[in-house]
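Chain lettering (A, B, C and D) follows the sequence in which the chains are written, and residue indices restart at 1 in each chain.
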Amino acid sequence: MSLNTFGHLFRVTTWGESHGPALGATVDGCPPGVPVDAALLQHWLDRRKPGQSKYTTQRREADEVEILSGTFEGRTTGTPVQLTIRNTDQRSKDYSEIAEKFRPGHADITYWQKYGIRDYRGGGRSSARETAARVAAGGLARAALKALAPQVTIRGYMVQMGPHRIDRDRFDIDEIERNPFWVPDAVAAGDWADYLDGLRKSGNSVGAVVEVVASGVPAGLGAPIYGKLDTDLAAAMMSINAVKGVEIGEGMGAAELTGEENADEIFMGNDGQPVYSSNHAGGILGGISTGQDLVVRFAVKPTSSILKTRQTITKSGEAAEIITKGRHDPCVGIRAVPVGEAMMACVVLDHLLLHRGQIGDAGGRIG
Amino acid sequence: MSLNTFGHLFRVTTWGESHGPALGATVDGCPPGVPVDAALLQHWLDRRKPGQSKYTTQRREADEVEILSGTFEGRTTGTPVQLTIRNTDQRSKDYSEIAEKFRPGHADITYWQKYGIRDYRGGGRSSARETAARVAAGGLARAALKALAPQVTIRGYMVQMGPHRIDRDRFDIDEIERNPFWVPDAVAAGDWADYLDGLRKSGNSVGAVVEVVASGVPAGLGAPIYGKLDTDLAAAMMSINAVKGVEIGEGMGAAELTGEENADEIFMGNDGQPVYSSNHAGGILGGISTGQDLVVRFAVKPTSSILKTRQTITKSGEAAEIITKGRHDPCVGIRAVPVGEAMMACVVLDHLLLHRGQIGDAGGRIG
Amino acid sequence: MSLNTFGHLFRVTTWGESHGPALGATVDGCPPGVPVDAALLQHWLDRRKPGQSKYTTQRREADEVEILSGTFEGRTTGTPVQLTIRNTDQRSKDYSEIAEKFRPGHADITYWQKYGIRDYRGGGRSSARETAARVAAGGLARAALKALAPQVTIRGYMVQMGPHRIDRDRFDIDEIERNPFWVPDAVAAGDWADYLDGLRKSGNSVGAVVEVVASGVPAGLGAPIYGKLDTDLAAAMMSINAVKGVEIGEGMGAAELTGEENADEIFMGNDGQPVYSSNHAGGILGGISTGQDLVVRFAVKPTSSILKTRQTITKSGEAAEIITKGRHDPCVGIRAVPVGEAMMACVVLDHLLLHRGQIGDAGGRIG
Amino acid sequence: MSLNTFGHLFRVTTWGESHGPALGATVDGCPPGVPVDAALLQHWLDRRKPGQSKYTTQRREADEVEILSGTFEGRTTGTPVQLTIRNTDQRSKDYSEIAEKFRPGHADITYWQKYGIRDYRGGGRSSARETAARVAAGGLARAALKALAPQVTIRGYMVQMGPHRIDRDRFDIDEIERNPFWVPDAVAAGDWADYLDGLRKSGNSVGAVVEVVASGVPAGLGAPIYGKLDTDLAAAMMSINAVKGVEIGEGMGAAELTGEENADEIFMGNDGQPVYSSNHAGGILGGISTGQDLVVRFAVKPTSSILKTRQTITKSGEAAEIITKGRHDPCVGIRAVPVGEAMMACVVLDHLLLHRGQIGDAGGRIG
């Protein structure tokens, strides 16, 4: 990763600010011949789009993606793909107060301290709007995965909102698309709606935990020691705005396990591939995929733009109070679900290409 | 990060296997004129060295580091610094069984599936011995930090071992050096000793959580969106063997907070620098340092090399049982403390150089 | 450099095809606070623009650059700058024949062999139109240089067209802007006009040599061994379409010199800086700038799109004859002058930042 | 390339100084399973070794390479390969004078101006000894090429020494190994011996041009726009000490050709692959290999360490005269032949892996 770029071979550079003319992703290294068009990418962008329920910001953005380069007659050419999204609903007036005051818990102050200049409108580059570009790039990565490794599926969902966690015994994958929280637990969906309604009305916000699972990923992707699959997944998720923690498999809970409990036992499956008694590892051992589900979780902090009065300072160092009016997400973790999926898609594709580059298709066979 | 390299400008490539002739770190991009010699690096290596208490592996390694290039008359020259550590206590006979069988929870199987060949002696490249090279590189980073930003201090310690957590009310920084667990809580140190003794005797192992804090880091280090300071810290820690989760500040716990609770309020300090009412952010907002303490935690899973019988398979796909005899760490998290510190030192120095490259010293001043 | 990206800290990724909707450059790592707007970049683009004399392609492109991100109130913010140029004059019909046949001397065949798909309209990604994006990025680099190192000036010009070389004794820097060839020799300008007229009418084309000089570059920029200033300049120039050779200082002619002739003698200047008796080195010793003029030359091969009949094959492997009608440059080297300047600006700025990152401003002083 | 590293996927970082304890190459990303041992690499190092004839420096170095990591039972494991060469004949006393004075035409002064410190013994990092590490890495690349693309052959030779060029009509590949100049022209070999003898006795030195040809390289390697095969070859060759110019195919001479002359006509060969009437392109079109021979030439300037008196200055800025005694190469271009071959091997392998990563083996077929 280098400033605004991630990926080894499938390299994504995002650009753009919340209230500039446009934002987007420049994607280099995509395999050629991948069927893709704007409509296909739009499908994924529409899932992230704000204003779809009362639980996300009421900013109205069409989020229409244009493909400006790198495709020809509906397929990628292997040259850079430029994905551009015009900003349409910018209402700069909402943001005038934060030109002078720094929002507590927000990047306002650090951007100022670093650069000595910042586009304060809507958070500028630090806005969650940047994630639209990731979702567009992730859509392209999914299209490439479909061509190269069609058995791979990627699914994200919420597993926690504030103090409320899902009940894994009620886990129902089909439930995810039926509620505004992408939560795989119908009971939780109802409870969370009530809880978030209350928070939203009080002008407050809350954090969340998102889980993303990739199934069908072949064994052998990744690399020691720094280009590990888990390293890249951790970086990818931590790079999403507002993320403060990342877990692979057991995650932080691995600290509580004994070696005996943690070691997933290995057996031979009927198809000649290893199977495991459990998946504490989250599908990764020694930085390399096992062939089991890749399981990643990340915690998203609550939005700092809230209607609560907080103490802060101004650019000139004066003490001040701040209340952030405007259109914000009471739980920005909700919209992080498609973003986490997009990052997973990019990382898996990138490691697929990286593995193919160094090894070809001929690793070690068992049995 | 690319395979075995990390860092943007201060670039560390580690190399070497557990039972090869040597291992080390090739460090490129170090500032010139930094006072450093082998003794200075040895200080940090000695802290990580195995066999110092009954709680770490009884392998006896001198872990003597040689500086083969990049220094002249006791100072760095700005050219690559080669840090080499010879392996001396290799006893390959201990590892003969794992040439054919894969240890559950270990990288044995994934290395085989990826490469079709592996140096099975002592885990080869996936061995925790690789971290000696990181500690040597981290010692160099500390020396450079001392020259460039002498106010920076870095301190790691354990905060959890298995189910046992420290009591933050008993936090005593001076206690860290007084017990074999680097734990800042004298009571915990006693309790953990009993607990780990029991585990060790039963041939089992357990996980841990390590916290690393960097103080004195100037505001403004980091970068949107993928080269964020927290992204690089997450990657750095996740790249350490056996790490399964990484947290910045509140970490996974940020999910439970409301926006009002989470937003660290800002005031002007007496020295004209902002001060904060709290540090939920762990010293990073929008990927950029605030000037507060950088607070990172990571979970280390239990060693998979245990004296417990586990089900596994052989390279030829036969079912098998495995018990890993040999000299292993009952809680490898202990030795991860100096490793976490080393990674913190490398990342902070790297971002200091990166910031200087793009911005010079002239960011925005408050007040 | 990685596929479509170059630069260490000032990183330029270009994207876009000749006949797609747009092309551009995504520039990451630009210092913040640099005054820049579209008009300033347009100045440089207008110099490269086709159709300005009868000696360049008659394609009519407005080449209007838009800045879509990374600036605020007329200054860079330190976040990625997206420079986009819409294609307006595409006339795809001219290119129908080359969909099936490969032009000898052109990338048609290699793109096909590599990717199995290509946007054949106007050369697609391999078109010289891509260089418009470089010139835009170079304009940004010049603006940053003006802010950081205002004494740096960059000047390119032609020194050879086909068999005709300039006479160094007639070298007149002011002449460069007075003729359509950017040639610093009034006599040559006249001769070349006649020569190229003849070639153009016969449907042929010819090669050229361009020289680019950067003055005022401080001593100390560059790095051993692979990130050398001359390495990066060579790569930068060789990456321009149709370039087949690159020289620093004496270049290929260095082979003919003895050590005694080649070694530029050193003296102390009145301002306490070293001065040299000559500049065979082209301003670079050991990959690091001396403070003398950086002198780079590169050879541009003749355009392969010509009105002469040539033997070739089709995609299906049939023998064929080809004549490339359409609007082409009889000497594409002419338009390479502003492109070479742009690459020089990007490389010098990049190394300025890189040096500042590793060293700060404190290298060794003489005297 | 980044400071001391080159390559996209096959990444080589060299380290070490002329008179430090050792130097070497850390090679990451090598494919696993490649048969290699120290003896195999030694074969290539012995070709570069000084002191083999009276025409190269009389420094006596065993140049024995050790493989410290990344191989197991005679094959690469896919993890980093550390290649180390101990310095044995250092005689620091020869170099005492240059501690204070800067040699004209040498990196002494620029290293000082950049870093403010330098290992002046034998040129330190800027010594041609660094190229031993390249040759070792190149030997590994050749071994990998032998496994992946056994039809590839790489051959370097001198084509010019001072004013003397080979006669292409006398070109005899078998002659290369029969003379101390690696020159494929028996008559030239004799003439050059007389010429160089005279120069050597007078304490002078002279430049040279080396040509390196890779045959059997498949079509399709390379990439637009900055990761071009020719860009990477130019950078690779320009990164060698003392190189001042690089040419692909016609090189600088392309400037003199018309489009009609330059465009290599295409025909179908009997084996269903395209054949060309000529190879002005040097095997690369649009940055991508055509399947023809890759032809690269580079000019090496004369050694600056000569027995002639030259004017210079000291570190404290005093005027001084300098004569460099010691053991130097009258034509360092001779020993650049195996170095150029090594760089070619590294670049071709790297692009083979890069192509496989992005495209797999399925590009476009003709016919």
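The criterion applied here is as follows: a residue touches a chain if its C-beta (ideal position, glycine included) is under 8 Å from a C-beta of that chain, and two chains touch if they have at least 3 such contacts.
If you're wondering where the values come from, they're calculated on a predicted model, not measured in any experiment.
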Each chain counted as touching chain C and chain D at once: A, B
Farthest-lying chain, centroid of Cα atoms versus that of chain D: A
Relative orientation of copies chain B and chain C, as a Cα rotation angle in degrees, nearest 5: 180
Distance from the mean Cα position of chain D to that of chain A, given in whole angstrom: 45
Distance from the mean Cα position of chain D to that of chain B, given in whole angstrom: 38
Whole-Å separation of chain centres (CA-atom averages), chain A against chain B: 26
Per-residue multi-chain contacts in chain D, two or more chains: 2-5, 14, 29, 32, 78-79, 114-117, 125, 224, 359
Sites on chain C touched by chain A in the complex: 2-5, 11, 13-17, 20-24, 26, 28-29, 32-33, 66, 68-70, 72-73, 75-82, 84, 114-119, 124-125
Of chain D, residues touching chain C in the complex: 1-6, 8, 14, 102-107, 109-117, 125-126, 130, 160-163, 199, 204-209, 219-228, 230-232, 234-235, 237-239, 241, 243-268, 272, 274, 277, 280-282, 284-291, 297, 299-306, 308, 310-313, 315-319, 333, 355, 359, 362-367
Of chain B, residues touching chain C in the complex: 9, 29-32, 78-79, 224, 353-354, 356-360
